[in-house]
Each structure stands twice: as structure tokens, then as C-alpha cells.
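Here the structure comes first, spelled out in C-alpha cells, and everything after it is commentary.
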Amino acid sequence: QDKTLRLLTWGGYVPKDVVEQFTKETGFKVEVTTSNNEEMISKLRATAGAGFDLAQPSQDRIAGPQTEFRIYKPLDLSKIKADLFIPSMLDATKKNTTVGGKVYGLPHIWGTDGLVVNTKTSKATDYADLCAAENAGKVSMRLKRPTLIAMAFASGKDPFALYGDAKAYSALMDDMGKKLTECKKNVKFYWDGKDQLLAGIRSGELTTAMMWDTGGWELNKANPDVKFVAPKSGALGWVDTFAIPAKGKNDAAAYAWINFNMRPEIAAKVASSAGNFTASKGADQMMDPVLKKQFAESFPEAALKNIKWYPAVPAGIEDIEGRVLDRVKAAQ
Amino acid sequence: MSAATHRRFLLGVLLAPALLWLLGLVILPHVELLFLSLQARVGPGEYAASLDQFRTFVDEPLYWNTFVRTAVMSVLATGVTLLLAFPAAWYIAKVAKGRARLVLLVLCLLPFWVSEMVRTLGWLILLRETGVVSGLLQAVGLADQPVELLYHDATILVGLVYASLLFMVIPLVNSLESLDDSLIEAAYDLGGSTANIVRRIVIPHAAPGIAAGCIVVFMLCLGNYLTPTLLGGKNSLWFTEQIYTQFITRFNWNQGAAFGFLLLFLSSLLVWAGLKLTGQRFGAVMKAS
Amino acid sequence: MIPSLPRPPLQRYGLGAFVTGFFVFLFVPLLVVALFAFNNADYPTPPWMGFTLDWFTANSDARTGLLHDAELLQSMGVSAWVALWVTLLSVGVGTCNAFLLERFEFPGKSAIALLSMLPLVIPGVILGISILAFASRIANFADETWGLELDFLRPGLPLVILGQFCYIVTIATLTISASLRRFDRTLEEAAYNLGASRLAVLWTITLPYLRPSMIGAAAMAFLMSFENFNTTLMLVGSDSPLTVLMFSRMREGATPVLNAISLFLMIASALLALMLLWRRGAQRPAEDA
Amino acid sequence: MAVPTPAAGGPATHDLDIQSVRKRYGAFAAVDDLSFSVRRGSFFSILGPSGCGKTTLLRMVAGFIAPDAGDIVIKGASMRGVAPNRRPVNMVFQHLALFPMMSVGENIAYGLERRGIKGAAAKAKVTDMLRRVGLPGSEGKRIDQLSGGQKQRVAIARSLVLEPALLLLDEPLGALDLKLREHMKVELKQLQAEVGTTFVYITHDQSEALVMSDQVAVMNHGRFEQLGTPQQLYYQPQTAFVAGFVGNNNRFEGTIESRNGEQVLLRTAGGMALWSQRVGTLDVGQPATVFIRPEAIEIGRSPRELPEGAPAWSAGVQSVLFDGGNSTVQVLEDRNQTPLHIALPLTGRLADLKHGETVHFAYQPAQAWCFAA
Amino acid sequence: MAVPTPAAGGPATHDLDIQSVRKRYGAFAAVDDLSFSVRRGSFFSILGPSGCGKTTLLRMVAGFIAPDAGDIVIKGASMRGVAPNRRPVNMVFQHLALFPMMSVGENIAYGLERRGIKGAAAKAKVTDMLRRVGLPGSEGKRIDQLSGGQKQRVAIARSLVLEPALLLLDEPLGALDLKLREHMKVELKQLQAEVGTTFVYITHDQSEALVMSDQVAVMNHGRFEQLGTPQQLYYQPQTAFVAGFVGNNNRFEGTIESRNGEQVLLRTAGGMALWSQRVGTLDVGQPATVFIRPEAIEIGRSPRELPEGAPAWSAGVQSVLFDGGNSTVQVLEDRNQTPLHIALPLTGRLADLKHGETVHFAYQPAQAWCFAA
């Protein structure tokens, strides 16, 4: 009787035509709830992993919550067509999402965090430029962990290396907190919704912001002056995954959706709708040429190499970051 | 007697839903909240009794500050709402007649029937740097460049006041309507000035309504999430936002519960103090709302 | 002051101007929202780019108008569904409560009366989290002890309905109680005396008398449920009511279709208001008696 | 105290028999061991001050309150354990209790419907009833379109249409204004005479009770002080309470100075000596109260205008309460400074009295009553 | 129509002068070109049916409504443009409008405080005033602890303490129950006599107006029908309206058949021929109305009991409305089946009349009044 797939995912990951094709092929209807990492986790936590048949958290945010709340099911890799994935990505993701010897996540879409810059009015090239005096009042960032981590890289530290050492990490974050506090006068607002930020840049109220690549490229289409810039100290790389909630009711549909989505032609469609890149092998060739061009422009060879991929977040780290972020927000 | 048993049976039938509601949806959930707040995580999926959550609140000035700020802004918003709503309520209750009064009252209600989201969207369109008001100011020459009206504390205040007006106007209209015109005429006839009549006759009479409106508005402001998050600036801290953050982005239900409980407790304290100060009783006041 | 007293022009026109300003303040945000529903731009914000009906009717890849936005329409359906249940439950239980509180004496009554007003002053977010936490505890307990999966206690529409019901029933109780308190009990005695059974008295006299206030409470409950955000946010599962969907749209990228749906809501509530006014107008003489 | 005696006639001629009925609220007896009967087809009033237990009594008859002791027998059948909606009595409530959500016709048809009488049969009865109370064709009117008097009639029609053995009326005229009340008094009396239903009417307004009733019971503190025709109550009060409560009266307190058969002489504290009819046993030296009605006192500008033989006093006019046919004058008796009020003749002969004038007055001792204090 | 004539005396002896005052609501004249004066220290009543414009008139005097035309002069000073809180008048409102949020003392002191009288001086005045209205020591009571009559007195005290030139009272007894109203009537009259303040009192209850007033104006449709002492209104009504409105009356319509000086003979449709005093010009052939008061008719069981000389009729008793001193009997005149009601003698002589008995009645034509119809 389970004819629907309840999907908890990100905005833009489920284009209409893809759903239509999927339904035609498999008979499963798709019910989409869009969300973000934190909300996905907290929702699944509240339901103890019920309510959805497939979720798409980032790969670094699977292991921790899984240990803590046991909200996912181990994946049955035999039901996956592994050859549809870019092998290196599949392996890396599997490694990061393994808890107790079981794999909980498969890669889907990847992208980076970096700077969106209106090149007419701002010359920013690294995260530190967000706090440069010349950009005062025209800058925006999120008060979330990526910002802290980016600042750490910008000041030459490797926060990921300190993930295991809570004390050192805490000290580092405190420093970054101070930095962000000083930077606060530069900030017009801390963005929370993508739309808020895009509107700000589009209208020229903002010149520089820390954001995902896709947003930058989206703006670039309308205004060539706005570019996504991979920061000198390295863009932050993330991979969104497929994970099956612990009490998902329709695993068959979930696996069908995964396999369907990783087909190169589908993956390409999804990727261009999301404005990002995919872990599907062979989708590359079918990508939107504009996006490819934008990617090439933002990521010269060196920048591509310099991408810092998020490792799995150990428990406790987020508490440390959270308190620092709260302080930044409270600072006058 | 059978009439008495019949009555007891009826009482039971009526008492059941009320008790289910109060126990199941009000009391026990809050007991659970208290219980949660008194626990702390000691390991993955393991919790133990602890006062850590409350200690965090005391130790971390941030939370304390946020709370005070939220309370102060809410009190301020309540005051402004009262000042704005009173003349309007007076007009509706005492000056407008017949159908006009009804129409005005419905006009007051209307904005509150559309979602709070819509109202906030309206303010966003109006107040943003490239928004309507900024444009108007430039057009009439009061500003020579775009003015950012969003993301200030004053903006939050406007938003809060806007969101609360109805809840002040209705109890005020109700209590002012019950004020007999002849009392005002009598006071005037005995030589009272407008100010004196307002102070001696109108306000004492409307006191339960004022208190009811103030309590509801204060609580609404305190518990508001949308307005401070969407209209508030980078410095905007709102206690509900903290609770939301703890629950949703930090997955720290225990801390969130502690905050929730503190908010409830401290706000009740404020309301209680307010009632004591003005010599009102909660039950009577809520009936006036 | 009141019209029967001489009012200095300053007072008179001052009050008039204030009230005009008050209503402008109330309606300007709504008007701009409505206006920008026709903006030929992809974003629900200024600048004005020309007139279009796209946000109602378009169905292309670039633009999805209200009429074709399945997600939005579905969420509206969800909201209506939730509101319907909340209304039914609130009015039903509210009526029971009104009878309980106005017609019965029992030990602990005043405590129950006081408690029943409490949800009005509990911030919505806290109501949401406490119910969430409590429901999770029961569900987890059932799961761990008996392996019983109590789905309705997990975030989802049943919990949303319960959460909204929890405080909306207070309002229904207050409204219906007030009406029941005004009810002249000799009407019941008269009917009884004329040979009606207890049930017939309830059915032919008391409930018809309460009907207007029950309808009022129902309208209120429906609207409050429809526009609730704070409590709902904490309790939603996979089906989003309209407000939650609008909130996530506003964060994740909105088009003027938000304005379009807002306009739709405004028109719907204005129609409802007109209907109420018309009904009230028809009943007027009866009420005055 | 006079103990009320049941009216004459066997139980078959009685629609209502109250047998030692009692109702207490805590230690307070609202109705105190009361027994009486109401003759079929009569207009029976219970008259008493506020709080004396009238409503309690009536509600016991209607069945809303269960008596603590005693029995209520209606048309020969005991009402013990019979619910209000099964008793052959109907009640007209003080504020009428018309159903505002129903039209006049629906109000009147309500009781019929409850008995299962619907459609044309009910309609015919309603039409007929409305005609009988003088409101033909008002079926469709809303209650709030009626005047006070019309509402009154609808309330009575609503009860009468059920053809009750007994119609109970709880101060139904209390809410009306003066002129309308005067008018409704007469109308109600006529209506009762026409329909022939037994009416039990309670009121605290003595004028209503006197004008309308065949029998009046004066109630006080849960007991009957006296039961009789209006004329009996007015002209032969049995207790001081009845004398004071029914009609206006001048009241004098003092001690009995001498006795002559059934007449006694009372000396007030001020020194005035008054002959009057004694009621009950009463003898020289006892403290007592004399009542003389204002209209039982003859007044004139000169002693010659007074009937001969009776003792006469002179007095100074304090103020004239001119009220047309009901005018009275307040005077201060000259010798003892005793205040009295005296009715002025209907002819208006003394309407021009002025403050300070001297008048003379006298009364017939047979029209004055003396009770033990 | 009789045009009211201002009372005698120069303006110096008048506290209130109404000069051609008019107030219209749309085309409807609530107060229609009215002029009159109120003598200093008098109790002046305005009596009229509901909606005749009494409240409108009083509120114009108090200043709550501005007249469309004319002037209101109080103590010789024109009130044009003077705000209500600056006029030397105070008002007692229909529902009293006591301030429930203040104690009795605070209520009374309110007006004093507004004049800047505070502390001991105010306190003394309040104490004195409370004593004068018979409520010494009630300063601290809450309003809701007072009975209806006490509230009444506090409301009056609150106004009187300001020593107004004029006290305006808008049906202040309307809300009280019958017994209390009877009592307050007398009390109010005494109070006015004691304090000497001019009272302007409006009411629709003729008994109140007659009992209390020095002068009564009967108002109808925004105009005065007649202004005079209570006795004048009662015994010499100037218009049919006054004759019908003040006191009870039997009313007969017909045409004038013959005239003899100031007396005219009216023939009713039923054929009854009645002699009466004509009021105004009125001649043979004109349609007219005759009023005869119930108490102006003599009644007896046999014609011999009636005074000689006057024409007499026989009639059948319809019903006796026994009400002690105010009893009347409704009869149907035998020949023409004309219904009348006749007052029964105060002595109670005919209180035992029964339905169907034959009685005889007669009246003095000098006590009957005939007006053009």
C-alpha cells in the first residue's frame, strides 16, 4: 500500500520533471519536505526517525547524530548500483558515515562554501576580507559553524585537525568568536534564509557575503559582476547524502529513488536545478554548460585542490561552537 | 437520589475532557519540560539529573542578557501598544455609533485574520533599504540615499506593536463599552476636566481590560518568534529564538527545556508583579479579555 | 471625550486624525503585500517592475502561479484540515468546559477555572516544545517497553492539532462561558415546565441560545489555527501547514506567489468579515432586546 | 397569631392541596410547615414582603425544588417524585422567560410540540390561544417586537395552551411600568375569569393581590399570617403584620388603659388616647399597637364638619401630598405632636390645604384595630 | 391649545429662564420653541409621556446638548457657549451615575476637589451633606453596599454639595421599586424644602409630579400643554391631553348638542347625554370630548343616596377592583351600554358590590370638562 516516498531534502534537489519521470517509471509518488541540516536532524530526532522514508543530510552530520539519537537505518548496499557513483566520493562518504561498522550515507550532491562578491564594488578574495574596513556595512554571513571554520582557515589554522581535542578546539573557537565580534560592525545582517541574502546582493545592499557556490552562480546569471570566489584559504566542501531514517516505511521506494537519481541524465538535471555538482559518474558531460563555465571560473586548478572537505562532526563540537556563536550574536 | 447520581454522572462526563486537556496538554507537558530541564547529557544517548542547564543560564551572561532584553522590549512594546490602542479603542467604543462601530471593529480584526507571516512580509517590503518607505523618503527629499529601516530594535518594536494591537484593542473596547456614558457626563457635570475624568473614572473602570490586554500582549511579545527573527537586526536576540536554537539547531532539548521553563517562570513572575502592583486579580482580568 | 460633551476642535480632530492614522498603520503592510502580488519580478520585494498576473496563473518552468503551485495548494489544504479539527475539538470541549465551569460546583473548581486560562499566557513556542517533549517521552516509552509505534505522538498533524487545540480551547471556553453566564436560566426552567425533557431543553433552548457564541468561537478558532505559527513550527512533521511552508519559502527563496497567496487570504477573511457583519446586521434588533 | 384555616370544600373541589410543606436552607426555614388549599377555578394570591418564601413555595409546587417535608397534591394526585415536566402545572416567570430565539407562535407551540402535538392541530391551538389573549395574528412576530404587555400575554398564552390544572405566576407584573401594570392587573383578572383556570399568583404588591384575587394569603417568614378575601384582609386584619402590610396605615404604640367590651383605649407615649377594636385577647396594662387607615379618618377645616359623637382632635398641616384622587395630608396632632397622615376626600374639597393651617379630625373606633405588641 | 404663561415675578426671582429654545433632530422637533421660567427655590416638574422631549430639554439646560435656537438663562446669565462643567447647575442622572470605583465620601467630594476644595474643608462639607440626606457616617461605604434609596440620596448629595443654583433631576426614581418610590417621593420633597435649592424634575409618572411639585409643566411633542400647580392641572385641565394624562379619567366622545353659558351638553355615539364645563371656545354641533374623573362620580345602591338635582343614571356592576382606599368599580350604564369606572367611597361602604348588581350614579357638571375633539 506504500505508494509514496516521503522525502526530506533541500530546496532545489527535486525538480518537477524528475519526479514525474520517477513516478511514471516506478509508480511511487513523491512527497517533498524541504529543510536544512539542523532541521532534518531535529525533526528526525523528535520522531525518532519516523515520518520520512529518505533524508539528505550532509555527510559530516550523519555519524554524530546517529550515535546520539539513532535516527537512521544502516544501508543495504546490495540494493545500490554502486557503479553509478564516482568511486572516490562514494568511498569518502561511506567512510565518514560509518557508525559501528555500518554505512549510513551515500553521496548525492556536493558543493562548496565560499565568497559571493560583487566585483564592481568589492575586491574580497578571502574570508578575512569580510572584516575589511572597506566593506563595512555591506557584508553578510551566517552565524553558523561554517563561518567559524572558515575564519579559522583564514587565520591559518586547521580546525578540522582539532576536532579530536575539545579543549584546543574550544580555545580556537573562542579566538574566532572574538574575531567575528570585532567584525560585527561590518555586517549588515547575519543571513539565515538564502532568499534574504540573494535579495540583499541583488539590490546592491550587500557587496560581499559568505555563501554557497550555487547562490553565487545563480546571481551571476542575472548580473555578471557578481561572482562566486573560492577563497584563498580554501572553499569548504560539503557533500549531501542519501540516508534512510530509522523508521522509514518505504525502503523500496527509497532505494529506487537513490538508483534513479544517480543515473547520469537524472543526476545532471538535479544538479543543474540545484546549481551544484553531483556524485553521479558521467553526469559531468551532461551538465549545463553555463554552470560548467561558472565552475571553471570560480575554481582554478589550485582552488579545486584547496577545497577543505568537512570531516564527520564529533559530538560535543557543536555545543562549543554554539556558545561562541551566541556570544557573537549578543556582542554589542 | 437519582437526580443527584444523574448530576454526578454529568459532572464526570464534563470533567473528563477538561481534565484530559489540562493534564495531558498543559500540566504533564510542563512537568516533562521541568524534568527535561533538570537533566544533562553525560554520554551518547545518556542523561543524568543535573542543574547544569540552569547553571549555564546563570553563568552565561548572554542568556541572561537576552532574557532581560526580551522582557524589556516586551514591556516597552506593551506600553506602546497600550498608548496606541487606547485612543482607537475609545473611538470605537465611545465615539463611533451603531454600524460604524461594528465596521471599525471588524477592520481592526481583519489584519489579524491573515497570517502573521503575511504581515511580516508587508513590513519587510515597506522597510527594507530598497523598500517602499525608503523610496518615499527619497522621493519627498527627506533622504538623499536609501535608508535601512530594517534590522533595528525600533523595527522589532514596530513589528511587535503591530502584531499585538488587536489583542489590546478588543479587551479595551469591551471594558470601555461597559462604561456608562452617564458616569462621564456626571463627572463632567461635577466640574471634572478631561484629564481628571480619564484618570479617576475611565482608567479605574477599564483597569481589568487594560490589565488583560497588557498581559496578553506582553506574553505574545515575549513568545514571538517571527517578528524578531525576520525584522530584527544582527544584534537582535530574542529568548524564544534561543529556545528554538537549542531545540532545533543544537539538538539540546535539555537546555531548551530549561530556557523554556525559565521564560515561563520569569514571565509569570512579571505578570504576577504587574497584577499585584495594580491590585488586579488574574481570574477577573482574564474574564475581561 | 464622548460626543454628548462639548469637545474642543483640537481634541475632536486630533482623535479623528489619530484613528485615521491608526487604521492606515494597520492596513499599509497588507496593501503593499497585495500590491506586490502583481509585481512582474521574481522576488516578493521592491522595486516595482510592472504589472503581471503571472503569480496567480503562470505555469512555466520559471514561474509557478498560485493556481498551479501544488505544494502551496496542498499546504493550504493541510492548514484547513488542521483548522477544521481544531475548531471542532475546541468548540466541543469549550462548550463542555463552559457548562462545567458555569453550571457545576465541585471541589477544585476554582483551580480548574484558573488552570484553564493558563494556556493563554504560555508562549506558543513553549507550548509547542512541552507538548513535543511529553509526546516523545510517551511514544519512546511505548516503543521501548511494548514495541508499540504510536505514530500520532510523533511530530505530525495530530500533534499540531493537539498543540493548537491546547490554547485555542481556552478562548473557546472563555467565549462560550461568557455567553452561558449571560443566559437566563429561567428559560431552561420555563421549557422544563412546559413539558420538555432535560435533553430537549438542552437541544431546543440552551444550545440554540449558545449558537451565536459557538459560531463566533468556531470562526475564531479556525482563524487562529490557520494562522498559528509558533506552536505549529515545533510540532510539524512531513505535512506543512501554510504558515510553516511560507516561512521556509521566505527563508529558502520566495517568489511573489507568497504575495498572491497572502492576497487570497486577505480576500477570504474580508469575505468572512462581510458575512459576519451582514449576519450581525440582521440580528441587530434581537441583540438589543 | 392567627393560624390559617383551609378554605371550605372537599378535596374534589380543590386543584391544589399543600400539606405541611416545609423547606429549610440550613437553619433558615424558607417555608415553614405550611398547609392550605386552593379552590378550583379561583384566583389565589400569595402576598408577602421580599424574602418571605413566596418563590420557594411556588417553585416547590412547580417541582423545581423538592420540599423537605410534607406533600403537594394537585388535582388529587400527590406530586412526590414527579418531575416538573410531568406535573399538570405551568408557570409564568417573573421575567417571563419567553424564548428569544423563537417567534411568538413557536413559543406558544413549544409545550404542545413537547407533547407530540404538531402541525395543523398545534397551529389551530396556537391561533385560538393568541386570539383569546387578544393578540390574533401575531404568530410570526419576534419576541423583541412586542411591548411589555404583549409579552406578558404571550407568556400566559404559552402556559395556558397546555390547559394546566394550575397556572403559577411569580410576580409577572413586577417588570412593567406603572401605567401598564395598572392596566394588566385588570386584564389578567378578566382573562382568568374567562378561561376559568386556577391561578396561583405571588406578589409583594398588595394592590395587585387585592384587585385581582378571590383569595389572598399574606405570607411572612415562611408562614401564612392570614388567608381570606381581599376585603377580609383589608377590613378585618387578623395580625399586626397584615394590618401594617396591606394598605396604608397610621400606627400608634402604647399601652391599654381601659377596656369596654371589645373596644380598648390605648394611650401612646405622647399621651394621645385612642379607642379601637381589639383583635385577639388583650387587656388593660398590656403594650399594644393601634392601626387606623388614613381614609378611615374624617378631616375638616372646622370641627363642625366632622360627624358627631366621635372624639375629635385638632392638628397642624405639615404638608399636602396632592395626588388627585389619592391625595393625603400629613398633620401633627396639636396636643401630643403625634404625626398622622390622613386621606383627603375624593371630591378635592380640601386639596387647597396649606402648610400651617389647622384642621380637625376624628375616626370611628370600629374602624381602628388594636393588636398586642 | 393653552399657551403656557411664564410664572409671575421678575427675572431676579428666577433661577432659570428658557427663552424660545428649540432642538430638532432632522425634521423632528424634540423641543419646539419653548419658553418658561422657574421661580427661585421652587420644585418644578416637567411631566410628559416617553419621547416627548423631557430629557432633551434637561440636557440642554445642563449643557450636554446645544439648543438650535433660543437662549437658556440661569441666575440672569446667558448660558450660550458655557460648557457643562462651568454651569451653576448639577444633574442627578436617571441611573444615578454614581462612581462605582469610589467610596460614598469620594463620590461626594469629587466635585469639591475639582473646585480645589480639599482636605478638612471638603471633609466637613461631605460630612454635613451626608447628615442632611440622612446618611451620617457613610463616607467609607462602597456604592454597591447601598440600597436603592440610599444610592438615590448619595446621588443628590453629590450634586447638592456643590450648592448649584439649580438641581436637575432626570427621572431619578424610575429605577426604584414601588414602595421605595412612594417613600422617596415624600423624602425628596422634604429635602428640597429644607435645602431651598431650585429643583427641576422630569418624570413621566404623574403621581410623582403631583405629589412633589410646586409647579408642573405637562409636556407633549416638544411643547408645554399646560403649566401650573398640581391642583390646577388636576382640577382645571386646559387641554384634552392634560385631562387624559394627569390622573384617571372617564372619557366620552360625541357632539355638542346644546350650550348653556359655559356648560355644554354632549351626546355620545351610544346616546348618553352629558353636561359639562366647556374649555376654550366650543359650540353646538362641534365634535368634542368630555372627561369625568372616577372620583367625581357619586355612586350608590339606590338613587336616593345620590345628591339631588343632578341627573342620575343606573348601571350594572361589571367588576369591583377592590384596592382598599383606591377601590374602583367598573360599570356598564344600563341604557346606552357605556362603560365607566367609578371610585368607591373611602369608607369602604360599597366594597361589597358584586358583579351584576345595579347601582346608580351621578356627577356635578362643574366637575366635568369638555374639550374640542
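Brief remarks follow.
The first chain written gets the first letter, and so on, giving A, B, C, D and E; residue counts start at 1 in each chain.
Keep this in mind: a residue touches a chain if its C-beta (ideal position, glycine included) is under 8 Å from a C-beta of that chain, and two chains touch if they have at least 3 such contacts.
Every value quoted in this text rests on a predicted model; they were computed, and no experiment measured them.
Among the remaining chains, those touching subunit D and also subunit E are C. Between subunit A and subunit B, the least number of touch steps comes to 1. When chain pairs are compared by their number of contacting C-beta pairs, B-C comes first. With centres defined by CA atoms alone, the chain at the far end from subunit D is A.
Centre to centre, using the average C-alpha position, subunit B and subunit D are separated by 58 Å. Computed from the mean C-alpha positions, the centre of subunit A lies at a distance of 37 Å from the centre of subunit C.
If you average the CA atoms of subunit B and of subunit E, the two centres end up 56 Å from each other. Centre-to-centre separation of subunit A and subunit D, using mean CA positions: 92 Å.
Looking at subunit E, one finds that residues 64, 84 touch two or more other chains.
Looking at subunit B, one finds that residues 128, 130, 185, 188, 247 touch two or more other chains. Multi-chain contact residues of subunit C, defined as those touching 2 or more other chains: 4-5, 45, 250.
Two chains count as a pair here when they touch; such pairs are A-B, A-C, B-C, B-E, C-D, C-E, D-E. Subunit B contributes residues 44-45, 60-63, 65-66, 128-130, 146, 148, 150-151, 229, 233-235, 237, 242, 245, 247-252 to its touches with subunit A in the complex. Listing the residues of subunit C that touch subunit A in their complex gives 43, 45, 71, 132, 136, 139-140, 143, 149, 151, 154-156, 237-238, 240, 248-254. Subunit B makes touch with subunit E in their complex at residues 180, 182-183, 185-193, 196, 200-201, 204-205. Looking at the complex, you find that subunit D touches subunit E at residues 178, 185-186, 189-190, 205-207, 210-211, 230-231, 234-235, 246-248, 293-296, 319, 321-326, 343, 345-348, 351-352. If you check the complex, the residues on subunit E that touch subunit B are 62, 64, 84-85, 89-91, 93-95, 97-102, 110-111, 114-115, 158-159, 162.
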